[in-house]
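Chain IDs A, B and C follow the sequence of writing; residue 1 opens each chain.
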Amino acid sequence: MFPDAAPLLAVDGLVKRFGGFRALDVLSLRLDAGEILGLVGPNGSGKTTCINVISGLYRPDGGDIHFDGRSIGGWPSHRLVHAGINRTFQVPRPFLTLTVRENVQVALAYGRRGDGVADVDALLLSLDLDAFADRPAKELNSAQQKMLDLARALATRPRLLLIDELAAGLNAAELERVAVKLKDLARSGIALLVVEHLMGFIDQITDRIIVMNAGKEIFEGRLAEAAANPQVVEVFFGAEHAA
Amino acid sequence: MFLYSLLAGFLFGLYFSLIGLGLNLVFSVMRVVNLAHGDFLMLGAFLAYWLFTLFAVNPVPAVAIAFAGFVIVGLPLYYLLVPRLLRAENPEMLSFILFFGLSQVIEAVTTIAFGTSERSIPGDQLGRAVAVVAGLFAGHTVENGPVELLGNTFPASWVASGIVSGCAVLLVYLYLYRTRLGYLTRAVMDNRAEAIATGIDVHRVCAVAFGIGIGLAAVAGVFAPFMLGSITPAMGTEVTVTAFAVIVIGSLGNPLGTAFGGVIYGISYMLMQSYYSSWANVLPYVLLIVILLLRPSGLLGRQVRRA
Amino acid sequence: MARHLLLILLPVVAAFAILPSVYTNHLMLFNFIIFMTLAQGLNVIYGFTGYLPFGYVGFFGAGSYGFSLMVIHLQAPPFVALLIGAAAAVALALLLTPLLRLSGVYFSIANLAAALAVLQVVSNPNLEEITKGPYGISLRGVFNPTLSYGTAVAVLAATLALVIYLRNSHFGMALKAIREDPISAGMAGINVVRERVVAWLLSALIAGLAGGVFAWYVSVFYPETVFSVEFSVFAIVFVLFGGNATVIGPILGVVILYGIYNAVGISTPQYFQLIYGVLIMGLVLFLPNGLVSLLQRWGIDVP
């Protein structure tokens, strides 16, 4: 890594308000290509809001988002996708009546990034969805629908992937496979921002984490160091454990 | 002219509130769009007409008969249609189509039974009841005739419709905020899933709300011959659109919101009638569209826009 | 796609081209063509994007009046007038694009209100100079049943071709994706707002062409005729009954239901109203995806 090089994603002083509530309260972060950054924090601390703003679901109320040197704050989702940003959803959101294959095909046709013929079957195979390719997505179970979210995102060839609680609800074997998959993606040069509650999973895949509370960053560094940080401990376990 | 329009608009506004009240209740409690609302109103109007011509029943007692009768019709109808609907993937949209089908059935059956000719009840019938009630309050006999308000005279039937409508709004408000079942109804309105989780018998609450909603439509129907002109089996659709305009203007759930919407609607309608009468018929439609577009989730209290 | 054009579009168009020489009730055949066109036009917006336009007839009426006013005031030749009529429908749809921000039933109601508002404006006695107000339109000068019938067949052919394209293309798939989940559609790289508006305008264009050719064929009509909510309602029921977002669903719906209508509906419309009211309710409760969903349930891919 070259410390002077501009990061792939640079978030500066991001603010998002809902009425009087500041879901994101001046949040800043950096993410380089090929890096996996974990975003952890208690419920309501602003992790998913952060992903929603970066992926264009919400307009930011303040601050800047730079991706690959361009200011992208407030862009509509499809433009962000074309620029190379994609995501998965905490509650998976496939196109339920379309077949699994069509779910991916439509993203291939409209995601328009890079060239080369992308292979739908290979992509489905790599996420264990090949057996259901011609079934409607509503027949998949929740874990499979999460994989389909991921497949759709990958079909658009993202350079930045925002992962919102992909691991929740997976069994041990599935967790292991997903961890390997995400590390492979990072090795191929994709930057990953991973929101997750499962600390074991975070520990296994991330290089670095940011701990959030009330829309603010309260810690940045390695997970092991976070456990020793009194502010983090207080947020997670309450004040009596902090001392 | 201006004061007259304002007062007439207020009286009609109260009546429009009554038209919207039942639709609002059904929609806010079970997210079901009763597109047959106007047809239930039409049936109430036919009931009143029938009671009057066959048994000479005055429209005022007909209100009680219509309400009770249609609540009784509404309860089984709820169990027949709605629970099945709520299990579907998109109940709101499906309810729209289902109740459209029901509206066609009601309209067709009424046409088969009564033909397409227009019917009306003499306006002084309602006036007579007003005179009797006013007489009770005043302690002496009151002449049956137009009513004077702030120097303007109005048909007694308008005043009577307005008063009954206002009472209906208040009664629904008291039901929702002062009774146990009403309290449960509001719980279902706020969060259906949570209401189920806390052990509320949601279907019972909804069935009662559905019955009341249809009963209110029928009550509004009793006054339709005086407020909306002569009655025909095909009058339902227009009434449903009007009811929608009213509840869109007012806010969802709270009956006082519907009253507010009805009065705004009634006054603007009467002002249009007085000053641009040839364009007054466009008003409900334009008002509906403009308000839907300009007032997103906020005053309606829920998300009506997508993406 | 070529297979669908050959096996669906060709037989339907051939049937309507040949039938007039063996069957004498041409008006009925013409009405079949109009309803098939409207049902497919509605299929474009409702079937593929999920917006149910109760005021779809507004575009039909706009097409009729666009056509007629061009003929009356500017003595335009029918084909020019037809294009202007279609343009009028598209212009109305453009004016109404903000309605697409409304979800579900709010959209349907607002769209119905819009169609009724246009009717009130067109039939307003104050505009008699321009629209002939409530007194209706008479176009005897351009009356030409053969040519207008042929044009109606051509409009139907183009409409079927469009729906076959949607059924087989990425564009149609994208529209269905938007219908399922607009947010996910955005994350698939689809410009949700743009594609939705394109479908909306295409759907209005079809209704506008149908309305124009209807005015040309019947040549005498009242505002209530071409703005009758029944056009919307019939088209919706035909699509629902057959099955939306397919090519043959709406065709089946029109052939079966409009067939029944012609058997019982003309002499006793209230009985037909009763039948389709019951049918609608039965469909919603027991077969919400139409006749073709029976086939789909058995694993048959219905075009």
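Definition applied: contacts are C-beta pairs under 8 Å (C-beta built on N, C-alpha and C of every residue); 3 or more make two chains touch, one makes a residue touch a chain.
Here the structure is a predicted model, which means the values were calculated and not measured.
Counting only chains that touch, the fewest steps needed to get from subunit A to subunit B is 2. Of all the chains shown, the one with its CA centroid nearest the global CA centroid is C. Comparing mean CA positions across the assembly, the chain most remote from subunit A is B. Counting C-beta pairs in contact across B-C and across A-C gives the higher total for B-C. With centres defined as mean CA coordinates, subunit B is found 50 Å away from subunit A.
Separating the centre of subunit B from that of subunit C, both taken as means of CA atoms, is a distance of 33 Å. Averaged C-alpha coordinates give centres for subunit A and subunit C that are 43 Å from one another.
Of all residues in subunit A, none touches 2 or more other chains. Of all residues in subunit C, those touching 2 or more other chains are 183, 186, 192-193, listed in ascending order. Of all the residues in subunit C, the ones that touch subunit B in their complex are 50, 52, 98-99, 101-106, 108-110, 112-114, 116-117, 120-121, 124-126, 182-183, 186, 192-193, 229, 233, 236, 240, 270-271, 273-274, 276-281, 283-285, 288. Across the complex, subunit A is touched by residues 170, 173-174, 176-177, 180-181, 183-193 of subunit C. Subunit B meets subunit C in the complex at residues 33, 81, 84-85, 88, 90, 92-94, 96-98, 100-109, 111-112, 237, 241, 244-245, 278-279, 281-282, 284-286, 288-289, 292-293, 303-307. Within the complex, the subunit A residues that touch subunit C are 55-57, 76-78, 81-82, 86-87, 89, 93-98, 102-103, 105-107, 109-113, 149, 152-153, 155-156.
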